[in-house]
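Let me give you the structure first, and then I'll get to my questions.
All chains are identified by letter, namely A, B, C and D, in their written order; residue positions are counted from 1 within each chain.
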Amino acid sequence: MKVMDAQLAVTEDDLRQILKDSPFARIYDFRLDFVASGECRLRMPFQEALERPDGIVSGPALMAAADVAMWLAIITRLGKDALTAPTEMATAFLSSARQEDIICAAKVVRLGRSRIYGVAECRNDQGKLIAHHTINYIRRNRG
Amino acid sequence: MKVMDAQLAVTEDDLRQILKDSPFARIYDFRLDFVASGECRLRMPFQEALERPDGIVSGPALMAAADVAMWLAIITRLGKDALTAPTEMATAFLSSARQEDIICAAKVVRLGRSRIYGVAECRNDQGKLIAHHTINYIRRNRG
Amino acid sequence: MKVMDAQLAVTEDDLRQILKDSPFARIYDFRLDFVASGECRLRMPFQEALERPDGIVSGPALMAAADVAMWLAIITRLGKDALTAPTEMATAFLSSARQEDIICAAKVVRLGRSRIYGVAECRNDQGKLIAHHTINYIRRNRG
Amino acid sequence: MKVMDAQLAVTEDDLRQILKDSPFARIYDFRLDFVASGECRLRMPFQEALERPDGIVSGPALMAAADVAMWLAIITRLGKDALTAPTEMATAFLSSARQEDIICAAKVVRLGRSRIYGVAECRNDQGKLIAHHTINYIRRNRG
């Protein structure tokens, strides 16, 4: 993994720990591939458990990658104790991936006081765009 | 499970077999709860593996339920050998579910010659709306 | 117009006045067709100014109808001075309308303390579904 | 207007003629600002007719800009006689614009045999991101 920005609100180890502490994320065995301020790229290694019956990597697996990559991208800006929650996610499934890893890159596009908006892309190792996602979060304030 | 419509293009057992044959769906242990023509309701039993670190059922788990429920809803109309693929999915996360089953009901809203559009809702057992989804599919023709 | 619910936070005349006071809405000459608590149905009369070059009623016209119908549906619950703003809108274009009025029915699905979610449908006079919309709003608090 | 790419499937004049020939687009008085292969940027001059009652440029006006910019971006690739139709559009409203022009830049992200996917951004003249859009089209074949 390459870290581009010394100004992150978390360390690499923090992000890896978050992945470990997330039961639903463990299904996918995500690997941190790149982190910068407001950006995170994850590798989702191929495993048969992600396949549809026709051998294509399932939509829910791609959406899980986008969800987690965006969550970590936000954490690079707001820190690991930030209280945020996704409110909407839209995905366009553009190509099929078969028996191959998925690289998902998420980027915070706008970090507002109450809302966060970002975009994520799932690609294969040849760079083919598999899915494109937009994600909205709200920020919650501590009571 | 209750079947409302004798006119289904598949049997209940077909649908259960499809769930068994789908590697990614096995993660969620979906149970068929209701089937009618163009409709499918699944129960996703609670399991800790679906949780986020804060104990809320994860967004990807809800999206997986919607994806699979819609897929089965389409199959009730087109049969189990239909060639279809999701092209877009949009989800609004409306409430949180904690340590509880999710009931996801999907319905085909429009079945066109080349496109299919449907809506799905995830609720808890008290009927609280947890997430609302819209899903687009394309129909592929055999070569 | 038929009013179903005496419990509206506004009168019909309030809603008509809002339409008149909205510069962008005047383009479409919307007519109130039905109002109930959390629901609003508008008629958008056909006019050539809404057409694409191929004679189909344009997507932006359908989205304007959904935007305004949902806004009025929210106002039936929160009153005309409510501070709200749309945050996301997703539209599926399902059929074409040609030289015909559009009837757009919007309904509040969830009215939360900070967020509002609703669904709208555009149909022609024969009931054919032309477009389906989901809309998110945030509620703003007065300073 | 600046043209970056000699390889366009249309001329600038073709695109301007298309805008003139589109009844619904005339409402917005769009100006071609930039064209390249698979890209189009339009300026939507401020006019009071686009305002909401609170003086903010309306969501439907932003969505119209994105719809038209994407349509022209596709035409730069496929030519002016291409048979295409939008199937979905999702918009995130990120900031407010008041009494100012909107610059909308659309880009084809994937041009497939049967589907087209693109992204559009509405900004003000200071570059503030006002809205972000994703748009799906299908390609129709001549009979």
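Note that in this section a residue touches a chain if its C-beta (ideal position, glycine included) is under 8 Å from a C-beta of that chain, and two chains touch if they have at least 3 such contacts.
Computed from a prediction, not measured in an experiment: that's the story for all the values here.
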Most remote chain, CA-based centroid, reference being subunit A: C
B-C against A-C, pair bridged by the larger set of C-beta contacts: B-C
Subunit C and subunit D, separation of their C-alpha mean positions in angstrom: 23
Interchain centroid distance [CA atoms averaged], subunit B/subunit C, Å: 29
Chain centre separation (subunit A, subunit C; CA means) in Å: 34
Junction residues of subunit B, two or more chains touched: 87-88, 90, 92, 115, 136
Residues on subunit A engaged by subunit B in the complex (per definition of touch): 18, 21-27, 48-53, 58-61, 63-64, 67-68, 85-93, 96
Subunit A to subunit C touching residues, read off their complex: 87-88, 90, 114-115, 136, 138
Subunit A-facing residues of subunit D, complex: 90, 92, 94-95, 109-110, 112, 115, 117, 119, 129, 132, 134, 136
